[in-house]
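Heads up, there are several structures right after this.
The following pair of complexes shares a single chain, subunit A, combined with subunit B in the former and subunit C in the latter.
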Partner chain A sequence: MRGTSLSRTIKWTLHYAALLAYVAVALFPLYWLFKVSITPNDILYKQGMALLPSKVTLDHYATVVGKSDFLLYFRNSIIVSGVTALASTLLATAAGYAFSRFGFRGKFWIVGLMLVTQMFPLVIVITPIFSIFGVLGLTNTLTGLIIIYTAFNIPFATFLMQSFFDGIPKELEEAAMIDGATRFKALVEIVAPLTLPGIVATVGFCFTGAWGEILFALLLNSSPSASTFPVGLLLYSTRGTVEYGPMMAAGVLALLPVCVFFFLIQRYLVQGLTAGAVKG
Partner chain B sequence: MASIEIANVRKDFGAVSVLKGIDLSIASGEFAVLVGPSGCGKSTLLRLIAGLDDASGGDILIDGRRVNDLPPRDRDIAMVFQSYALYPHMNVRDNMAYSLKLKRTPAARIAEAVGGAAAKLGLEALTERKPRALSGGQRQRVAMGRAIVRNPKAFLFDEPLSNLDARMREQMRFEIRKLHRDLGATSVYVTHDQIEAMTMADRIVAMNAGVIQQVGSPLELYDDPANMFVAGFIGSPAMNFLEGQAKRVGTGVKITVGGKAFCTLPLALALPDDGHVTVGIRPERIGIGADRNGTTEAIIDLVETTGAANVVHADLAGQPLKIFTTQRLQLAHGERVPLAFDAGHVCLFDRASGGRLR
Partner chain C sequence: MSHPGAAARRRLAILEPWLYSAPALILIIVTTLVPIVIGISYAFRNVMLLDPTSGGFVGLDNFRDLMRDASFWNALKNTVTWTASCVGFQFLFGLILALLLNRPFPGRSIIQPIVFLPWAIPTFLIGMNWSWLLNPAIGPLPHWAYALGLMSAPTNILADPNYALVGPILAGIWWGTPFFAITLLAALQSIPREIYEAAEIDGAGGFERFRSITIPFLAPTMLITVMLRTIWVANSPELIVVMTKGGPADSSQIVASYVFTQAYQGLNFGYASAVATALVVLLLVYALLLLSIRQAMLGTR
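What follows is the complex of A and B.
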């Protein structure tokens, strides 16, 4: 018995050590981001690799919030990501429901075409989009970014939503329709509550995708009034110097809404991402 | 309560014809069971009555009114699904109340109807539970409750007992039947289980390959099957089919199996020209033992016993034969036993078409 309990202890210790190592590796970049953001400039380079700064300051945060356009970028990012997430999810939900429930002419080709859009790197289409948006007056606008992000999110979000709908038995809607509901009412009152984890996961996916996107944000929107925060972060890196302190402080601030967002939805997210994995 | 009329109803899925012109009328208050093997079209027919699928042709009338173009919600029918299809996010009470809420029924009436149904089905203690916290039998009851609170024109059941274990199935069979007796509601019940059909139906509708094979009371189908399909599908153990020869002799039609005399049937029977027939006889219509004046001998292969009865598998002139008997016989493998056949219960079928020869 003693031998068994000893070997079990060793097993658990190794188990947790492995987990700890994994978490440490995953979180280290975030820690470093935070550490640099609170290290005063004068010791930043002197104590370069020290794990803990000898002095702590919030100056960089003050600089970012008070002396830059960061709040503007931040607001732009929230608008762009929020609207993108909502619009993509709404459209993807409608499309995913149709793909899941209805057979119609051209369905195969539409699905195939959506899949094809996922196969090309975005860089390829930047030039044509830039010229089209220029003509339409959509460069240097948040609307332009929202349209692009929504368009790029929809195919994958649709597949995601379709798989969630596929996981909901058709009989539930049929039962509701026999009970006296219209198809739309059955969708809203029976299917939607059951798909909520999936909807939330899709919102999260689209939100983070838009939140961190930089390529289009950089190329389409050059004016500060329509820039998002990833573009703002780049401004701390000029030809001559890189202002690491403010850059990292801005980075930490940019992480906050995403963290809050995921904290709020994590319960649904875990359900959503594993839904359908097991029966029941 | 309402009658259901189905006139020349067809359903095609692309090039595949699933229902090939169904004509059926179900009387008000009747318990009709659609029975047949998988893919025979019975569930499709039920879905057409419910309005969940559209018929490719023909008319469906509920209570004399053509409903082909009405959505399910306007047909005033209730349906119990094989998977129960309970709303997972609603508790038992809300599941049962949903249809009444959609109809904007006053809360007091809803409470009364749901309470009554729950009492009838023994669900009072479970009304706050979510479906996932219920056993299979309880879920089945909730599904029934959801149907009866509405007091619909007709009940449709789509293999509602398939997901239950054997004991629970037996009990629910009894309860559904009792419920039907109490409510007197027109019911259409789909099953692939002929025992369910036999025990529950006022009238059985036997279907195969999208065509109705026979409609009648359980005993009509059992004793007087219209063709080999019905004869073989209804009854367990299934009817024996033996390849035989029929020949008119002076007083009747003499049937031989494997060259040996089997029985003699009335002269009036229609026979094929070559005399090739399939002889059908139910396992319980065969007696074992010399005392029955048996003239034909069979060789015992195997005996299955359930305690109450035995199913004896034997070989008759090279053809397998099942005999059902409540006698406790000591029979050994390879033993030769004389058999006696109840000629009054022998059915003859045309070997080519499978149709009954009368």
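What follows is the complex of A and C.
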């Protein structure tokens, strides 16, 4: 009996040690980013490899916020990601609802089309979109990026919304329709409020996707006034004299919206997993 | 009286799903399907961005150039290295992580979100973060590798033509491991507990249970996830574009990043499209190969 309890202890020690290694690896790059962002310039290179800076400062953040360029990029990114998230969720909710509630001719082909476009390398549409947008005057505009990001987000967002609608009993809107409501009214007033967590998740996914996109942002919008945050940061980092402190402070700021979203959503993710386990 | 009303309602019922899905559908056709067709057509034309007289049909010329392009062949080789190492290690570390998280233990609700966090970080920031970590002026990794005797001097691996690709691969593994962990954990949790309990009563050990219950149950999820992930990773040039721009001297290009840099710097859209078309064909061959293997495996059962 004592032997088993000893081997149990060893097993759990190893278990936690392995998990601790994962935690350390997951957090270290982000910790380093944060550490450099609060290390004052005069000790940044002298004590560059120390795990803890001997003194801290918020100067780099002041530089970033004081630099009007970064504020502009931040504003552009918020507009592009926000509008993209709302537009793609709206379109995906409608399409996801149709996929969930109707069996109709052509559905197979639409779903197939969405899957196939997901499988294609994005790089193949880069040159045609650049040419088309050039003709339409959509290069160097935020609208151009919003259109592209919305289109790219829709397939995944639609499948996500479809799975949320699948989880809501059909009888709810059928009852409302028997009482004389149109299907659309039943969708807006009865079904949509119930899928609200799903809608929030979809908004979050689309927002994060648009927030980090760099290829189209780099190619389509070369003028600083229409640059998003990733492009601003990347171009800043490749300039001759590089100031690491402000750059990493900017990186930390870029991380904030994403982290907020992630910690909101992850509980939901775990819940989803547990629900799956209960079902199984 | 009721007849025309019923017919109209029936017509509406047929139209209704289309009304809901049309906006999404139209946007996808206009911004994805049409450009894909145009993009493939570019591959057979001479399209130069800054030259309005260009655009003529050149047949297979771009593909002939491609066959002679040493950078393309190197990028193709790198695509295999990049995809295999990223997906392989992401899968391995993801599976281990999923197994570690599978059973309830005190602290799981705190540890789980932390180890899943890398998955939520935007790619461009991961790329920049890892290039800083690998930069000896500001990051610790070269110094650690030097101290461990892995490097002869604490230099920047991203500037080394022989090893530059290792940088994006490290970043890619860090990023993608949680994805596999999440998918495999969901699959693990759907395995009925009773099967394990029955096996335990029959005296099966931990490894035996893993081999004869866990692996067969996970296999379908593993297969489909690895297949989709392979295509996705092969298509994703972001980390390479951000960390090395494919350099030094195209040594760390994969095909997807080669297309991007050709379009971005070279302005030769016809040639860039030919490279992209070649990538599409290769991925199709890969997918067909996998599907036929799957078919063959199902056939032998």
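Assorted remarks:
Note that in this section the second predicted complex is superposed on the first by the 227 of 280 C-alpha atoms of A that agree within 3 Å, B and C clash if a C-alpha of one lies under 4 Å from a C-alpha of the other, contacts with A are read in each partner's own complex, and residues count from 1 in each chain.
One rule holds for everything that comes next: contacts are C-beta pairs under 8 Å (C-beta built on N, C-alpha and C of every residue); 3 or more make two chains touch, one makes a residue touch a chain.
All of these numbers come straight from a predicted model, not from anything done at the bench.
Within the superposed three-chain model, A:225 lies out of touch with both subunit B and subunit C [touch as defined at top]. Once chain A of one complex is fitted onto chain A of the other, the partner contacts of A:54 are absent, as it touches neither subunit B nor subunit C.
After overlaying the two complexes on the shared chain, residue contacts for A:122 are found with subunit C alone; subunit B is out of touch. Between subunit B and subunit C, the partner in contact with more residues of subunit A is C. By the touch criterion defined above, A:169 reaches subunit B but does not reach subunit C.
In the superposition on chain A, A:158 contacts subunit C only, with no contact to subunit B. In the superposed model, A:194 lies in contact with subunit B only, and not with subunit C. Of the two partner chains, neither subunit B nor subunit C is touched by A:13. In the superposition on chain A, the residues of subunit A contacting both subunit B and subunit C are 280. On the subunit A side of its complex with subunit C, the touching residues are 12, 15-16, 18-19, 22-23, 25-27, 29-30, 32-33, 36, 44-45, 48-49, 91-92, 94-95, 97-99, 101-102, 104, 106-107, 110, 113-114, 117, 119-132, 147-148, 150-152, 154-155, 158, 183, 208, 211-212, 214-215, 218-219, 230, 233-234, 237, 244, 247-248, 251, 254-255, 258-259, 261-263, 266-267, 269-270, 272-274, 276-277, 279-280. Within the complex formed with subunit A, the subunit C residues making contact are 14, 16-18, 20-21, 23-25, 27-36, 38-40, 42, 47, 49, 96-97, 100-101, 105, 109, 111-118, 120-126, 128-130, 132-133, 137-140, 143, 174, 178, 182, 185-186, 189-192, 231, 234-235, 237-238, 241-242, 256, 259-260, 263-264, 269, 272-273, 276-277, 279-280, 283, 287.
The part of subunit B that touches subunit A in the complex is made up of residues 50-52, 71-73, 75, 77-79, 81, 83, 85-89, 98-99, 102-103, 132, 146, 150. Looking at the complex, you find that subunit A touches subunit B at residues 169, 171-172, 174-182, 185, 190, 193-194, 280.
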